[in-house]
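Please go over the structures that come below.
In what follows, chain A forms one complex with chain B and a second complex with chain C.
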Partner chain A sequence: MRAPDETTIKAGQTLLSVQNVSLSFGGVKAIRDVSFDIKKGEIRAIIGPNGAGKTSMLNVINGFYHPQEGEITFKGVKRKKMRPHDAATGGIARTFQNVALFRSMTTLDNIMAGRTLRMNKNFFWQLLRYGPAEREEIEHRRKVEEIIDFLEIQHIRRVPVGRLPYGLQKRVELGRALAMEPELLLLDEPMAGMNLEEKEDMCRYVIDVNNHYGTTIALIEHDMGVVMDLANRVVVLDYGQKIADGTPDEVKSNQAVIDAYLGVAH
Partner chain B sequence: MAQNAIDKSVDTFPKFLLVNARERGQRPAIREKDLGIWQTWTWAQVKDEVKALALGLKELGVERGDKVAIIGSNKPRLYWSMCATQSIGGVPVPVYQDAVAEEMVFVLQHAGAKIAIVENQEQVDKVLSMSDRLPSISHVIYDEPRGLRDYDHTRLKWLNEVQKIGRKAAESKYSGDAWEKMIAEGKGSDIAVILYTSGTTGNPKGVMLTYDSVVISSQNANAFDRLTEKEEVIAYLPMAWVGDHIFSYAQSYVAGYTVNCPESPETIIEDRREIGTSYAFAPPRVYENLLTLTMVRMEDAGRFKRGMFHYFLNHARRWGEKILNKEPVPLGARLIYWLGELLVYGPMKNRYGFTNVRVAYTAGEAIGPEIFRYYRSLGINLKQLYGQTEAAVYITAQPDGEIYADTVGKPSPDVEIKIEPSGEVLFRSPGVFAGYYKDPEKTAETKTPDGWVKSGDAGFFDPKTGHLKIIDRAKDVGKLNDGTLFAPKYIENKLKFYPNIKEAVALGSSRDFVTVMLNIDLVSVGSWAERNNVIYGSYQELAAHPRVYQMLAEHVDEVNKSLSEEGPMAGAQIKRFLILHKELDADDGELTRTQKVRRGFIAERYGPLAEGLYSGAKEVDITTELTFEDGRKGTVSARVKIQDMKTHPPAAAPMDKAA
Partner chain C sequence: MLCVKPYNMLCKIFVIPFWEMWDLPDIFVQTLWEGLVGGTLYSLIALGFVLVFKASGVFNFAQGIMVVFAALSLVGLHAIGVPAFLALALAAAIMFVLAVTVERVVLRPLVNQPDIILFMATFGLTYFLIGFGELIFGGDPKVMITKELYIPTGTYSIDFAGGRVELQKLDITAMVVASTMVGVLAIFFSKTRIGRALRAVADSHKAALSVGISLNQIWVIVWFAAGLVALVTGVMWGARSEVSFALEIIALKALPVLILGGFTSIPGAIVGGLIIGVGEKVGELYWGPLFGRGIESWLAFMIALIFLLFRPQGLFGEKIIERV
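Coming up: the complex of A and B.
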């Protein structure tokens, strides 16, 4: 496995910034006054112990939760309230901690489903099937086949995903997210529950996606080795608060991070 | 094709390419499934692609005689690389793509490759990681650019870029028919390819084959099975293996037929089904896997389907081969077979991708007779052949209508075979190799001055059929004291085809006669015991049961009978046998981890039993140490009976038919 060259990362502008965001569910404060940014073209990791608020943070970014305080700027546009659907059309795609695919549909159809937002012809054209709708479908299929080729899942193209082993399901899910051609890809524990070989494969795909499509990636991960190898920058959450932010090396030697992971009395 | 065969001036593969582009320019030459669709290149298109690549290589400095390594799975561009290299007088050296870096470095160094053409990032990484030990390599060319964008491209080139360079050169420096002139400079006696064989001991050896030998082998093979430009084959076996080189490259160029490259190694079964190959080649395990897959799936099928499947399969078992061999078959049986074709055989062949298959070969190792007959009974013309890299594959093959599960066929056209007194098979043909690259010593060891090549395999001609049978590696074949040939593995394999026998160890080298130690198969014998009210308390007790001895004695007798009918093997019949009181186990060092018996070790460990087999004793006491699964050691003592067997007189062989 190979970490991307520092020089190749476009020192792009900020793609998404989170400013002083707080989120609470009733009396539980899930996120407290967190700020960080994601730069275009980088792989940004969000780490932290269990219950630190990582998944909540991801849900805030893609509009599933609405923070009570703070604001989020995506592509220079401030947004206060939006639905996940808007986030998706806006160029944010994600995968889930526990695989969320259409189990009885084939790999091909699952990934094709990821193209739905990019279908322009309306329902009636598609009902007609021929003409513009057909041309459009062929174009989409082409994109989907490129993704299948990219993720090396040709052999399961026609297999219902419910029958696939977990590692492959995760890959299909990544494929579906890629089908949206997102600008920002959110991965919620892409390597959870995988064996070493599957993890190494997944790491390679994440790097390749970043490298080949130039997709900005924000990922949550528990495996520190993976994070240190993949990420350009890491933000560390603990009890809903940001306790560190920086390159993997900086974060690794940060005392607050060590305390959070090893546990000290609060 | 016939035309090509006569035209002696067409003696190299680039020349065949020009002929194909001229005579069948619009016919498909090669296909690759990419993005879910079969992409096709015609012979005319292939010519253009190869030309661009060849001139590109020329511009990168490939000279006549230079070696070009080709590393990757079966892809059109890698096959073109082979022809492109040959067209400018270079020698392609295909390398096994799954070889570890160490092995690869040996081959690349030994061949002194100037350029490596590789499939993808994985192979690029491998070659670059050893670049300090490979000073001869000036450029690495890759086919699949993915992941390689940020690499240092001073010595690295994308294949498309090389072709671009070539196309530019074709308009200036090498305009007109400059390339065709380069091709014309090639001669049949030049080295066409160097194929490294993975030696079981020591380093791989580079087998040099001339154009003449590869072309003649291919022409003979095409004529033997009447292959035309209409064949479809699927290329999925390693390109560095002589079989693939001949089937998917040489024979295709000579006959002009179409080669199909699968989408990925995992999709071969599906791809084969879509293509419907007409000429197939696979090692036995491929056929085994297909059959196992079928049987497993059928177990999950509904009762009606399962019943239908088994009914027609039984019918096919009885009549299928006879119909395939064009023997007389009653009309009723034919009608039911026809119905079966409609309902079962046809759909199944379609699944296997064998609907259009005319000839299918298996080679490499012995195929189980059951598996072999299964495919033949469905009407698939599955045959066996025997080949080696040193012979450009073909040594023997089974002609249509003369198919046996346990032979490898008759000498292929133009091949002479003789059997040494030691049992070793020697062959001579126009297809034999020119020598091992940079290794005249090994060449002299293997190839006699008058052209005979030692195969390293022991075999004999079956007097009944006139076909060659391969029995074992020559070095494993011993002799009885009276000079009779003794091939332990051959005897053991015959015994192991019985489900009741799990392992067999044959003794006899430098002894007076052959004896065997057997292991019962607990599952099979256990279920027999249940059905026949045989009561036993332990493995040891079951193994020593008189009725088990009686049953195995029948098996041994049958083996003796079949040995008696096989000419030189008749003297190696089993005189005495015993059933071991414990299962042979890798933990005790009796089997290798790949479940092969370690004959020498067993003879030593069970010394008293081996002695008993030759001393005439009726019973022998033995105590052996054994290792339990958790690593503890214990001992087991037993009294093992030894059974005498009678042998059969050698059957009078109808030699006239063999000749």
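Coming up: the complex of A and C.
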């Protein structure tokens, strides 16, 4: 039996939508009356110049920030605000712009941490690490090894992630998000600071995740080439406002977008 | 006799003590044992600190008073007629209530504040618990209900190298209990979901939140675990001397232990505790006279200071190697 809020959303239907969301920090308006939706199974890009409110938008979706106005509808449930825990249980996983990993833990433990919500044997079994807790541990370990294979990071399984180069850290972070088997994956600049080869790898993983697992992806990215190749639809923010929304081609030829990126004399 | 004039002092430091150890091995072994037992109790206290520090990065100054509070609750409950083991369970429950309260009242409002603020908050907690404890239980020292909890007392005497070594049964129990506890906690921390979640929270709050770990739940768990460790420490320490608020200052003794062992390492807390315990007793007996005795009270800090110079992360602490 399913809980009422777990309506199954079919591919192409709206998985998440934000309606008229406004967010401000004191006098600074980070997001002004933005609405858009993310459809099940698509790769949705959020782009915009620096300070446009892209990361704030992800934080709203993920429940780190609570907007003053507007609503967020996820899987048919309308909310004034998300809570991080609700977002995670509901199947929203994310990565961060400046990698947020558990630095002193190994790659394996980091990705295992992504399984936290899927493991549920109680405290006392955990304390003994015996019986059900041990079986559970092994079962989840199998899933984690699959992800490690998929991301080709077998060689760094036992390395504390704090010591890894940046590109690999980003990959481990993606692995941790994937371990949650999310329905919606939020990627905050997954290719930032990477060289060409690493970017190509990352693109491949994003596409594979989308194809194989059918995971819906919302990503923020600055590299326009990447965005145009990956995304099905693009939403463009500037100064906290939505200035365009559509397929990559539509957005590319939109005058407001061109102005925002190149600057325009007022 | 061995020492000649110009090298007198050096000789007294580097030769005589070792000769004495060799000469009277039974006394040496007895001292070593006492050191180990004292060390076990230091380890237990340090363990409480490590638990909270690992999961929340907070140096919990209140650990010492938690030991006293737990022990007083146990003795106090028994004094009003609760059977010993039920009192033990209730004392554990009280520690749970304390953990929940601390999380609600102290930690939650201070979330995202700098560590030093949280550290100061644990100071506040310490003085609150002292006052609260005195209000309920009174300030007089109490006797631990050793017999009622079936903790063996008495001694084993062993003939050794022409002398005799006495081992307190109580001390043996303390060591067994401490080792078991450490074993369970070590496995719990490294191999289980909740253990991993604890370490995750210590490393990054926002990343932990993003994978659905509840900070509040984790904090309750660590403070409760620290409370249980405090209860065990309180019983063991109380059985050796008495249960009084003076125990609270042993929190300070845990500091050199932690510096030695590393703030984040459970094995470190154990080894650190043992080194400090043995170091104190052996140091006092053999080197004490050189400094007019009483070196027991500062030797631990001295050892810690020397350690800080050469190995600031402690024996087992995580190496601070990071890409920047």
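Here, the second predicted complex is superposed on the first by the 252 of 266 C-alpha atoms of A that agree within 3 Å, B and C clash if a C-alpha of one lies under 4 Å from a C-alpha of the other, contacts with A are read in each partner's own complex, and residues count from 1 in each chain.
Just so it is clear, a residue touches a chain if its C-beta (ideal position, glycine included) is under 8 Å from a C-beta of that chain, and two chains touch if they have at least 3 such contacts.
Quick caveat: nothing in here was measured; it's all calculated off a predicted structure.
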Next on the checklist: Based on the shared chain A superposition, would you classify chain B and chain C as clashing or fitting together?
Outcome noted: fit
Checklist entry - Which partner, chain B or chain C, touches the larger number of chain A residues? => result C
Checklist entry - Does chain B (first) or chain C (second) touch A:Asp208, or do both, or does neither? => result first
Checklist entry - Can A:Arg142 be said to touch chain B (first), chain C (second), both, or neither? => result first
Next on the checklist: With both complexes overlaid on chain A, does A:Arg157 touch chain B (first), chain C (second), both or neither?
Outcome noted: first
Item to check | Contacts of A:Phe25 with chain B and chain C, given as first, second, both or neither | outcome: neither
Checklist entry - With both complexes placed on chain A, how many Å separate the closest C-alpha atoms of chain B and chain C? => result 13
Checklist entry - Overlap of the chain B and chain C footprints on chain A, residue-wise? => result none
Item to check | chain A residues touching chain B - in the complex, by the definition given at the top | outcome: 4-5, 8, 141-142, 145-146, 148-150, 152, 154-155, 157, 204, 208, 211-212
Checklist outcome for this item: So, in the complex, the side of chain A touching chain C is made of residues 62, 64, 84-85, 88-89, 93-94, 96, 100-105, 109, 112-117, 119, 121, 123, 126-129, 133, 136-137, 160, 162-166, 176-177, 179-180
Item to check | Of chain B, residues touching chain A in the complex | outcome: 34-37, 146-147, 149-150, 263-264, 266-267, 270
Checklist entry - For chain C, which residues count as touching chain A in their complex? => result 184, 187-188, 191-197, 199-200, 202-204, 206-214, 221, 264, 318, 321-323
